[in-house]
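Two complexes, one shared chain (chain A), two partners (chain B, chain C).
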Partner chain A sequence: MDEALEKKFMLYFANAVASVYTKMLDFQPKMEGIKKEEKTWVKETGVITLVPFNGKFSGRLLLVFDPLSALILHNEINGESTKTVNDETLFTHGEFGNICAGHAITEINNAFRGSNVRLAPPSVFSGKELTFFNFKMNHYSIVMAVMGGKLTLNVALKES
Partner chain B sequence: MRRVLIVDDSPMVRKMIKKALAMPDYEIIGEASNGNEAVELFGRLHPDLITMDVTMPVLGGLEASKKILKTDPTAKILLLSAMGDEDLLAQAKEIGIKANARKPFTADELLKAVRSLTGD
Partner chain C sequence: MFSDLAESFKDTLSSFGLETFLTDTFEVPFHSIECDVIILLGIVGSLKGVLTFEYDDNATHSIIRTMMPGAENEPLGEMSLSALSEIGNICGGMFLSRCKREGTDITPPTIVTGKNIKAMINNNKTYRFYLSLASGTIVVSLSFS
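Let's look at the complex of A and B:
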């Protein structure tokens, strides 16, 4: 896949996350940068949602919220005032990631008819310095300013 | 009163749907977290309306809808999904699903979609 197309795909994901976040939290995230990662892995801290997708284009979306912004998302969506990450936080982030990925994949499928890209159920992780290794896929990171802190998207993908 | 079966693997989404339908016109008679449970509960409870997620473990929403509509072609299924690409919607229509709504939905958007299906 050429780099121009890869960057186009990154924007599908960035725009999807921004629009879903805006609709669910009534706050417009601000995109701060996009970069192609040179290493084959990323190391992240916070609440991290991983959403795989498969089809003509396959890969995975990682949504990385720092701990404070992760709790803000949980509280805003659920109308709560939780102070620590709990099971419901992880469920909420899983669904949020699923919705964001779904919006991005919808745009990809509509732009590339017949791609039939579909999502697999998300997994959610919470911790410090968690390493995610990419196997034979290029990946990009996009940083956004959100309520209370930062959200990093990391998208790895390849054309099947 | 419409009897509703909610099918979604996300407790958060099931909660959102219950909140949106918390009115005298609707009674939530059951919840399923995957397509297999949905098919089983449909056979047992015979709801007036099913809200159906697409991506679920065990059995997905499209496959579950196909099974349900095979046993009852008049079943009213509202597909709720984060995805809304044309190929997916065409697949849903081919199966016999007559309405869909995109996540994230507001309560008003969900009610509008439900009413388009029930004719209320």
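Let's look at the complex of A and C:
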């Protein structure tokens, strides 16, 4: 899979995340450029949603919210004023990730007819310096400025 | 289906010369994690779910010592994690093959490591079994949406 195609693929995820975030929180994230990661792993702190996918293109999406922006997402969506990450925070982030990934995959399957990319359910992690490895795949990142901090989108993918 | 998964995992480790013993099986209300090294695979298609393999330090050490002699004395690196990942990948494929569920596939594995990880893998009923390997413990969990 050539790099230009992979970056195009990445943009579908980025645009979906920005669109869903804007609709849900009435705040337009500001995106930086796409960066190709050199390592096969990423190390992150905060609330991280992982959505695997498979089809003609396979891999996984990571949505990494820093701790403050993670709580803001929870509170804005649920109308609460939670100060610490709890199970409902994780559930909210899982749903958010699922919606974003669903939007992206719809666009990808429309753009690449026959690719039949399908999502697995999201998993959500919270902690410090959590490391995510995916071997034999290329990784790309985009950082977005969101309410209260930043959201890092990381996609690992390969053509099946 | 649950027994297919247990047999697939035991057969996968056995093919690498590792003998495991099933110690406990449970149905739990949701899919969480217990260990610091997790291999996660998604299930897509007519069945949609998540499969996780968790290894404690002793189990990790035993597997690495068998698959990559000498590497068990080094910090957990990419080659070691790749070996653990491949076990999950082989087991997942074997499990789906045994289930004979058309239109179902597994996603590439993701390895997650860290200390004191809080996680919500799935908030649906989860099948979980524990295996002993040497002096270590492996936890395998399967949940569907």
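We take it that the second predicted complex is superposed on the first by the 160 of 160 C-alpha atoms of A that agree within 3 Å, B and C clash if a C-alpha of one lies under 4 Å from a C-alpha of the other, contacts with A are read in each partner's own complex, and residues count from 1 in each chain.
As a working rule, contacts are C-beta pairs under 8 Å (C-beta built on N, C-alpha and C of every residue); 3 or more make two chains touch, one makes a residue touch a chain.
Here the structure is a predicted model, which is why all the values come from computation and not from measurement.
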{"item": "Which of chain B and chain C A:119 touches, first, second, both or neither", "value": "both"}
{"item": "Which of chain B and chain C A:154 touches, first, second, both or neither", "value": "neither"}
{"item": "Chain B versus chain C as contact partner of A:95, first or second or both or neither", "value": "first"}
{"item": "If touched residues of chain A are counted for chain B and for chain C, the larger one", "value": "C"}
{"item": "Which of chain B and chain C A:40 touches, first, second, both or neither", "value": "second"}
{"item": "First, second, both or neither for A:78, with chain B first and chain C second", "value": "first"}
{"item": "Touched partner set for A:24, first chain B, second chain C, both or neither", "value": "first"}
{"item": "Chain B versus chain C as contact partner of A:103, first or second or both or neither", "value": "first"}
{"item": "Set intersection of chain A contacts, chain C complex versus chain B complex", "value": "91, 94, 118-121"}
{"item": "Chain A-touching residues of chain C, taken from the complex the two chains share", "value": "40-45, 48-50, 78, 81-82, 85, 105-123, 145"}
{"item": "Touch list for chain A against partner chain B, complex", "value": "20, 23-24, 77-78, 88, 91-92, 94-95, 98-103, 105-106, 109-110, 113-114, 116, 118-121"}
{"item": "Sites on chain A touched by chain C in the complex", "value": "40-41, 50-55, 58-60, 85, 87, 90-91, 94, 118-121, 123-135, 137, 156, 158"}
{"item": "Residue numbers on chain B that touch chain A, as the complex places them", "value": "9-13, 15, 55-57, 81-88, 103-104"}
